[in-house]
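Below, chain A partners chain B and then partners chain C, in two separate complexes.
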Partner chain A sequence: MHTSYKCYHPYISPFDPCKPIQTKCYSTPPNLYMTFQPTNLRQYDTPYQALCHGTLWPDLFDPYPNVRKEGTS
Partner chain B sequence: MWYYEKKLQYPVKVSQCNPMLAKYLIEQYGGADGELSAALRYLNQRYTIPDKVVGLLNDIGTEEFAHLEMIATMIYKLTKDATPEQLKAAGLGAHFVNHDHALYYHNAAGSPWTATYIQAKGDPIADLYEDVAAEEKARATYQWIIDISDDPYINDSLKFLREREIVHSQRFKEAIEILKEERDRQKIF
Partner chain C sequence: MNSSAPMPESYYRLLEKIQAVDFVLVDLTLYLDTHPNDFETIKQFNQLAYESKQLKASFEEQFGPLLQYGGSFSQYPWDWKQAPWPWQV
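Showing the complex of A and B:
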């Protein structure tokens, strides 16, 4: 299983005037890893759930913003 | 900062005065998928890309300037002693009126270069996919220029440049793979 966000610790110069953000995260949604969608993937239990998520398949759903709240951007 | 080496990355030789070919080549000089767009795109995106791939954008962006210089040399050599009549016959009459024999950053149809050709989205995945697409579009443009050109020396240099696009595309795709990696996770062998 992949993670929806990757975080890294950017280089921080001693001369950075703004308060440094120690950890920066970027989005890596499931479609990056799926290549070709496999057949017969599990679907949401109800059409209403699927509508709310914007997709029929939980495996394609990507939460935003980062639920783990690690840093920004 | 940059150090400058006073030579081209790959030699450029021109077999005959051919302003028409210069008109097509200018697409790679000041066009949307040209070398100027590429260099400025990568060297600008590098500031907000994760540290692991900053160096790649820096190096490829720098190489694009070396390519820009090769294209400029080709265009210059193809037109430098052409008469206004020859330029007019090649469809470069308007260019001559505006620029004489000078080069200018516009595409083959004469539209000036614009920053709207490039993007910096700040999202590393979006930016790198744009870079991959840019390399593939530049490769295609080189192919069509080679197809339309009958200058064997120019085509030799263009084939070199086309190959570099392929290598750069590969490197950008590797960068995406690096950013996709689950780095915090323990690897079990």
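Showing the complex of A and C:
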């Protein structure tokens, strides 16, 4: 199962005048890993559920977490 | 209908149902753009389109027109300018 975001650690120079950013994260929603959407994917049961999740197909759902770890920007 | 009185609960429930069904129709439309031969989904799309029309018809019967220029029937008297407007909902 693919994670919905990934992080990396940028190089921090000893001469960096500002507070260094240890970790930077970026969003990786499921549609990145699904080239062409297959037919008959499972759907949410009710239209209201689909509306609240922002998509009709659970396999394409992504909470888009707000990753605020210490030192990330 | 007194325009400043708040709307009944059924107004919001029905509007929410319409919003949900229309959202699914948007998603299905985008899906069908790339999958034109998916017969099952087209059937589902037509069922939902029919349901959306029914929901809107019953909404308009109780709370007035959703669309103008013939998009909706009018009540008597001519009342499309009556509150709540979309941003007041």
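The working rule: the second predicted complex is superposed on the first by the 65 of 73 C-alpha atoms of A that agree within 3 Å, B and C clash if a C-alpha of one lies under 4 Å from a C-alpha of the other, contacts with A are read in each partner's own complex, and residues count from 1 in each chain.
Everything below uses one rule, namely that contacts are C-beta pairs under 8 Å (C-beta built on N, C-alpha and C of every residue); 3 or more make two chains touch, one makes a residue touch a chain.
For clarity, every value in this text was computed on a predicted model and none was experimentally measured.
Undergrad: After the superposition on A, what does A:K24 contact: first (chain B), second (chain C), both or neither?
TA: Only chain B; A:K24 stays clear of chain C.
Undergrad: On the A-aligned overlay, A:Y33 touches which partner chain: chain B = first, chain C = second, or both, or neither?
TA: A:Y33 contacts chain B only, not chain C.
Undergrad: With the two complexes superposed on chain A, say which partner A:T55 touches: chain B (first), chain C (second), both, or neither.
TA: second
Undergrad: After the superposition on A, what does A:H2 contact: first (chain B), second (chain C), both or neither?
TA: first
Undergrad: Given the touch rule stated above, what does A:Y11 touch, chain B (first), chain C (second), both, or neither?
TA: It touches chain B, and chain C stays clear.
Undergrad: Looking at the overlay, what does A:P47 touch: chain B (first), chain C (second), both, or neither?
TA: A:P47: touches chain C, not chain B.
Undergrad: Once the two structures are fitted together, what part of chain A is touched by chain B and by chain C alike?
TA: none
Undergrad: Quick check: in the complex, which residue numbers of chain B touch chain A?
TA: 50-52, 122-125, 176, 179-185
Undergrad: Considering the complex alone, what residue numbers of chain A touch chain C?
TA: Where chain A meets chain C, its residues are 36-37, 39-40, 46-48, 50-51, 55-56.
Undergrad: Using the touch definition up top, name the residues of chain A that touch chain B in the complex.
TA: On the chain A side, the touching residues are 2-3, 6-8, 10-11, 24, 26-28, 32-33, 73.
Undergrad: In their complex, what parts of chain C are in touch with chain A?
TA: Listed in rising order, the residues are 16-17, 19-21, 23-24, 27-28, 31, 34-35, 38, 40-41, 48.
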